[in-house]
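Right after this note come the structures.
In what comes next, chain A is part of two complexes: it sits with chain B in the first one and with chain C in the second one.
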Partner chain A sequence: MKKGVLIFFSLQLLFLTACWDSNEIEDLGMIMGIGLDYNESEEDVFSMTNQYVVPNNIEGTQFGSSGGDPYQNITLTGSNFFQIIRENSLETDRPPNYTHLKSMVLTERLLKEEPLKQLISFFLRDHEFRRTVAVFITKESSADILAVEPTKEMFPAVQLKELTQNHDRSLYVQDTLKFGEVSKKITEGASFVIPEVGINKGRIRLLGAGIISDKSEQIVGWLTPEEIAGLKWITNEVSGGLVAIKKENSEADQAVLEIMKASTSIEPVLKEGQLTIQLKVKSSLRLAEDWEIKRDVFQEGWEKELKKQGEQVVKEEMEHVISIAQEQKLDYLEFGTWTSIKQPAYWQKHHKDWERIFSQLPVTIDVDFTLTGYGTQDIN
Partner chain B sequence: MKRRRFGRSSPTLLEEQIKLEFHNSEDLKQKTIQLNGLTLTLLYLDDISDRMVIQKTILSPLLTISSEDTKIIPTDIPDLIPMAAVNNISDHSTISRHLMDGCTVLIARDTTEDHVYSVKTTYSVKRSPDEPVNEPTISGPRDGFIECIQDNKALLRAHLKTSDLLFEQHFVGKDVVTSISITYLQGKASETLINEVRERITQIEVDYITDAGVLEQLIERNPLSVFPELASTQHPTKVANALLEGRVALMTDGSPTVLIAPTTLNMLLQTPDDYYFKWIPASLIRLLSYFTALISVLLPAAYISLISFHHGLIPTSLAVSLSKTREGVPFPSVIEAFIMELTIEILREAGVRLPKPIGSTVSIVGAIVIGETAVSSGIVSPMMVMVISFTAICSFAIPNYQLSLALRTIRFFFLFSASILGVYGMLIAIFIVTTHLIKLRSFSNPYMEPFAPIHFKRWKDSFIRLYYRVGKRTGI
Partner chain C sequence: MQTNQHSLPIIIFFISTIIGVGIVTLPRETATIVGQPNMWISVILGGIVAFINALFLFMLMKKYPLKTVFDIAPELVGKWIGKLLNLIFVCYTIAISAYIIRTMAEIVNYYLLDKTPKFVVLLVLVLSCMYLVSTGLSNILLFLQLYFPLILLTFLLLTLLSIKNIEPTHLRPILYMDGIDLLRGVNSTFFSFVGYELLMVLSGQYRLTRWKPVVFILGISIGSVCFIYVLFFILNIGVLSIEELKVITFPTIEMAKAIEFQGFFFERFELLFLFGWIITIFTTLTAYYYSAMLGVCKTVNCKKSLLMNAIIGLLILTLSLVPSGITELFSYGTYLNYLSYASLIAIPLLLFLFSFRKGAMK
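This part shows the complex of A and B:
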């Protein structure tokens, strides 16, 4: 009997919590994207744009009576981000929820003023943020970027993230920089690049990249899309795209090669105390577009010329990026990381002096192309 | 058992005693004939005995002999009756049971004592052994047990033509005696198992048993568990398979249901069809029934915990459309789920209780009420309707009705835990149920065998069914 009473009361403890911590999905202010910006004001230094989902305006379901966008951007200002988020509750009845956050846009202005480490401190600490959020940088205002009407996706923030999914189609598109990788790079103390977005004729467009320095953790320079291609070749991130051989490289008309497979190996070699980086690029390509009339692909050795010219193009691209990185003394090429892995003893001794070593580091580049064919048909 | 003593010492005649026991019921008929100095009394219950048989096999041969001039002594009676089964009843207390089986009881009295014989003259109305309604099979034998234990034994004999098949008769009930048969294959079933079953049967203290379902509850040892301790079936093939695996079957007179002990969860999720098809598709079907069992228990709980606790675990596009469809629903999702579950359960019960011709009305009304009106009037969200109906369909796909009933019950427990603590509560519930299942014993046999304790060799007839050369039928 006594035992029964005891069990009864212990069970009550469970029931008394009721639906503790429960929060219905329709009561959430789901947020798809955030934009951080700098605000020209003494009091409120920062501005933050939250992109809310407005479920009622989503078309295509049973009660489709939509008018207006399925999203709502709320831009508020404050002296820190947590405060701004809590201030959102003054304007929206649904508390913001960041578990479905897709992308985060930072501005050039903001990163010139404040170091990245401090900026993202709140977002790293809070449990709702996923480490898969895509991070971008822009020269425009972040509120403008998030306000660009998406054409194929429902939300601007989703379209933004999906753009970087094309990194296997074009050399100019960098792979998604995830929030987790940003935190990793900062912890490693390495320089890195953030994909840049901009607005082109009312549409969102991926541009080059912004370079974040390992010392100030602020933005110190920019890379053009062409330089992104070189960077991708160096850091073994090429998984598709094309190599265009233009007039200045060849005596004949232009030709375009499509990359089927590519890999780069970075080998730091230590010889008599002198560190050399050996880059070996191996790629197999096929002829995709050809403007040269004289070329006959049915003749043996047709690809020799193309191979040489293509290798030259890639080598030049890589050399260009290495030269500007060495000029800036910023190692976003991951040479330091590879040295620390493959030559740990050397790294242990010299890593404090790496900036100087890196700027004068001799790099040998060896590009090896294999041309596998000319596609399904040749009409010559 | 009620026992009355009859004998020579009794002041009245034996037939008078019996008549008294039947309270001078009108359908107990008595006929006394004189056979050359021997008084022969016939007793039978009119409605369940075949008068033509009595006439042909008892009266006419005896009367023919009596017209001759030979002297008849009582011990000659069995030889004079042209029937195979003429039993000598030495224990007079069993006379009434013989009468109730439709036998004709002959009392031959000479100077010293009563010689009692019974002759089987049963006449009864019986169903034909049709396919059991609630256990349809695609291929394989289609006969089913009926309400008569003799015929059921015959059906089982027809499926298991072996001299090892033994029927052990027991009688249960104080007021009304029901005969129960412990059935097993000698050499296959272990002696300890048979003893345990026998022991539990003899321990029953009850006035009467109406059905095998009552017997099941009287001999099980885990009355607080929702899981069936004995499997029940109306398929002779299923019983035959179980006996071959070394299990014991219990047949109850008057019930088409046969109980099988011991049972395991694995066994409840199997169908005879699994063995009749090639092993690859049969294994996939086996996997499917495990999957549906899991779904029918977990899906509503998982849905509730995702949409009211862990929104981050739903894929974004689904989360967005879910929040759209839930827009305007007046209840929290937990209440919504309980409303829908209750509706489905009511519809289900109504469908079972209603006579067949009107039964379809329920499904039409149910489909319109649930599928259309509830959603369009905004009481429930379309997704919830989908989740609950899919769960209901999954629970229909479970091969065993007892198990489906048990899983239906614990589904509410899971739903309740999930509504309080989300995925965490669901995991606690899974933990509790799993612990219970592992601890559960069916006639000293672990319920979760071969998964706990693990017997990898027997897994070839669990999630999958291996081909016959490698995976022979496993025992228990």
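This part shows the complex of A and C:
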């Protein structure tokens, strides 16, 4: 009996030899951000920047010292990305690990040369890449973007991702475009926009967006921040920001309205075989900044003029973006998606011809503002 | 409440057996066939078909209380043909065990342990299952009850964390549907409900003769599995969209990967989900393993011995290592479906017809 117990326990040792795949966390080269770029050279057309965490330089940790950056960027070139990643091993002792990747920067040059689908196929195939990685596009080189000294965060890649978190503060900021969303858009065969980043006075800054065409899956145009605002109004993504009524547009001095609530409904209406898109914007706003002395907010009806002017501003922004999209024949306004939902029978018949239909689609815009208040004090 | 005391372990047995690989791969399979946002209707239809089939199996077993399908086959169709039918059923249970554990090994290999050989992963699983099975059915039922809450908790967590990622536009239009495609989808969703056929094995231990408790047990088991599947379908479609589902190998895990925490290290929820999911694979394996062993013992009239146990384990293990890659593995799944047809519909139907002849002769 005793012998049996002894054998049993000895056999247990076989199963207690720890994990086959054990990887010490200290030995991992955690990557926070990657930047992909295109080279003009003949052979190694791609370059890839990996932003490594350097744990020893993180202040406050056990071995942390205040000297040096807590990150290290390594840029290497090659003809495919997997090769570049493996080449990292020639320069760093820690194998790159992408499970905590935060952001990914693509460049204009790259997307002019290569279609996005093939570019990201490797990153979708590999299990380490998360679907939550934020994707950006830039006109500069991606290595430069990742090298910008972060101001509030520890890593440039984290700062980049956090920037888009402000999408509820400004109309010019798009919601984070996640890697998973990019994949979805590509499999759906839809055009879409990628948030653009740039460098402004040594700081990183969100700019407009780059338009990816559904046909070539390459970059075909750009949107300015103002156009982003129009796009957000159309696609029902507005959750905050402001509407500025300029001096030129009104008889009174300028005024700024803060958006408290906003929603847009996209309604494809089919009448006698003709499809029309009806956009209805509903928003409640508050007077935030007022330069007009004559306005008396205690008088009933003070908001009427502001309401009309504000509605006009938004309507023009939206019309502008729609005209751009229709001219390019690229439906990044999600009209197709809504047609397929609300008019499935029509969509079934005409979706092959959508590009042509979209470019001539009549759109009616109806903006309805409610001004709910003027703040805590009216000094005018 | 005599029925309730008996029925809870059996319900848990069925639910644990039915839920397995399907929860991870079914959304892709169905998306490629149906390809519309309301494909979860196919799941409900598949569940109904499974329920009807299960009732039919019960109608057969009801005539022979405290006997398994392995006992009645030789009695009804003659000794040798009966043994042949038993063998087909045993082959089915072994094949399905091998298939599910191989799929699990592929997933573990992708997401958890990429250096550990698949053989080792499978060996550990089969060995522990062997141990559990050798202790008998009552212990198996206890084990299933022990881990059942954990499985539910994992599913619940995944659901709660994924809800905010759902984009309602992916799920629409709901009412516009292509009925024929939905019906074609049933062909694949139905197979994700297999597991209830072990009723024909459980009937050897439990006196399942009255309609009411059995309909209750089957209804609750298949109904709750159906609910979980529909829930996961809606989550999968809502988070990933139909077009994306068609190209993702293991959609539910990718869905778990889309979960994001605002933090540094607590962001890999898919690993946590995998731990819970592996248990569901283990429970499914246990149920089929036990049935296979019982079948072999009844057919060749031997005692349930450790040797027999080891042989079955070895068979499952070897068979699971046959496919060379994941594409080949999935193509074997199609052959497995034919075996399922044979064991779920053809064999019981044959026995059912013969049971009338026998009765007439008496």
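Brief remarks on what is shown
Here is the rule we go by: the second predicted complex is superposed on the first by the 358 of 380 C-alpha atoms of A that agree within 3 Å, B and C clash if a C-alpha of one lies under 4 Å from a C-alpha of the other, contacts with A are read in each partner's own complex, and residues count from 1 in each chain.
Please note the rule applied: a residue touches a chain if its C-beta (ideal position, glycine included) is under 8 Å from a C-beta of that chain, and two chains touch if they have at least 3 such contacts.
Because the structure is a prediction, the values reported are computed rather than measured.
With both structures placed on the common chain, the touch criterion links A:55 to chain B but leaves chain C unconnected. In the superposed pair of complexes, A:183 makes contact with chain C only, with no contact to chain B. Within the superposed three-chain model, A:296 lies out of touch with both chain B and chain C [touch as defined at top]. Residue contacts after overlaying the shared chain place A:340 against chain C, while chain B stays out of touching range.
Contacts of A:327 after superposition on the shared chain: neither chain B nor chain C is touched. When the two structures are aligned on the shared chain, A:132 is found in touch with chain C, with no touch to chain B.
In the superposition on chain A, no contact is made by A:368 with either chain B or chain C. When the shared chain is aligned, chain B and chain C each come close enough to touch A:99.
Within chain A, the residues touched by chain B in the first complex and by chain C in the second are 15, 19-21, 99-100, 130. Those residues of chain B whose C-beta lies close enough to touch chain A in the complex are 307-309, 311-312, 314, 316, 319-329, 332-334, 375, 382, 419-422. Remark: chain C residues 110-116, 120, 124, 169, 172-173, 176, 240-241, 243-244, 246-247, 254, 257-260, 264-265, 267-268 touch chain A in the complex.
Contact residues on chain A toward chain B in their complex (touch as defined above): 14-15, 17-26, 28, 30, 32, 53, 55-56, 58, 61-63, 97, 99-100, 102, 128, 130, 154, 158.
Chain A makes touch with chain C in their complex at residues 15, 19-21, 99-100, 127, 130-132, 178, 180, 183-184, 187-189, 334, 337-338, 340-342, 344-345.
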